[in-house]
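Dropping the structure in here first, questions after.
Labels for the chains are A, B, C and D, by order of writing; each one numbers its residues from 1.
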């Protein structure tokens, strides 16, 4: 069966249910991230009529939470991650908190796109995570507060992504 | 799905419709043999209540007719084969006629079972045909009459096969 | 990670039966895809459930396939019809092949 | 000769879809069985019809499978969901893989 490709996101969508919000805390496990991301996707499907926004948020959320499990908590399985999502007029606002290692140098990774035009053996098998985050998220910020990492970002209501430079 | 294996043929079966018969002529092609053998199998299923007899006849007929196509007519596609089948009290009587090469030496092949107990690379990939014929058929006879080969044989009504010596 | 693999000629179609390929499943996905590369021909189960009839030429073809795959591959037969079973028994080839009631049984063996 | 082949781990199940393996079909049977041996990995079509979501780890796993199979094998993707399509497009990996509307289209190509 072929799929129909998604409609162009430029077209008008109904506004999201502004003010709807969701908060959850999970353990630092990839499986818990998977379940939480799927739950958030359902929540967004219910509260926005904007599939493109839902898809972008799902991608960003998976990358953000997986990075915390893999890098801040070093995939050791100990630690909690708190997620808070708020729908507002301008889009989806996201906050995460964890008590893992601070981001090195106190600055979030630059997220350059790995080169994909070389030979087969030189193709990148990772390093796409922060590129996707930086490409899709707006107003990205990081703060270290005592033992807590706090990351904030917004998924704009419309606009697929920044120009793919 | 597993199959149930066939019931032991020793048990009593209703008599075949004695006297029922079937005659067909086909061209010397393996595909025509396939179709004719399948037709005969249906005919036998209708006229005998003896699955074991039907199975033995189907095997023998395929071997006999394929041998005529492959060896008497050398798989050249030219030539006709006539088949006559008669159901009688003692079993199924079969007659074939063809105008291909005579059987070498005027004697049907001995049909020894190729050895199957050697190494993988020594396993036989052919030569089973006349073994199966000789093992399953009774009253096997061959005559050369002008340009015609005539082979007769009977499938006994009961008895799976001769002892496998 | 459930992946259904089907061969069409020289093409493998690998159909992912789950709805996400993500960090939690990436290693399982890779392992399942690589299993095909590293030992593709350990066993071949010839599922004959649909096959009502086998003659000596068909049997010869099965034997030649077995020989071509060589000693490292075990060619096994499953779900023999009465005629197929007879031909194998009479020719003593029932001693040469491993025979299973069904492909499912063979896979479980 | 129609034979459906399915891989289960390192076992191939070859299911004959016809009712006779006889002299008329023996060569076709053999050819079909040998196709698997001679060029098993010419193309791999990864059918993603069921896959709603792919993240960067999943994408990395797909790339590493492609690299492991090497230059002789073409790893192609079929039936992309909107999210999968977005992730591939943003990372420019849509230029690296051949992409098909469906596995059927891919097989016909």
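Following the convention adopted for this analysis, a residue touches a chain if its C-beta (ideal position, glycine included) is under 8 Å from a C-beta of that chain, and two chains touch if they have at least 3 such contacts.
If you're wondering where the values come from, they're calculated on a predicted model, not measured in any experiment.
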Intersection of contact partners for chain B and chain D: C
Greatest separation from chain C - chain, by CA centre: A
Chains linked by the largest number of contacting C-beta pairs: C-D
Separation of chain A from chain D, taking each centre as the mean of its C-alpha atoms, in whole Å: 31
For chain A paired with chain B, centre-to-centre distance based on mean C-alpha positions, whole Å: 72
Distance between chain centroids, defined by C-alpha means - chain A, chain C (Å): 43
Where chain C and chain D are represented by their mean Cα positions, the distance between them in whole Å: 17
Sites on chain A at which at least two other chains make contact: 37, 62, 66
Touching two or more other chains - residue numbers and ranges from chain C: 20, 22-23, 25, 49, 53, 55, 57, 60-61, 64
Chain contact topology (line, ring, star, complete or other): other
Every chain pair meeting the contact rule: A-C, A-D, B-C, B-D, C-D
Partner chain C, residues of chain B touching it in the complex: 1-3, 5-6, 37, 51-52, 55-56, 58-59, 62-63, 66, 113, 116-117, 120-121, 123-129, 131-132, 135-136, 160-161, 164
Parts of chain C lying in touch with chain B, wherever the complex brings them together: 49, 53, 55-57, 59-61, 63-64, 66-67, 70-71, 79-83, 85-87, 90-93, 95-96, 101-102, 104-105
Residue numbers on chain D that touch chain B, as the complex places them: 20, 22-25
Parts of chain D lying in touch with chain C, wherever the complex brings them together: 4-23, 25-27, 29-30, 33-55, 57-58, 60-62, 64-65, 68-69, 103, 106-107
List of chain B residues in touch with chain D within their complex: 29-31, 33-34, 37-38, 62, 66, 69-70
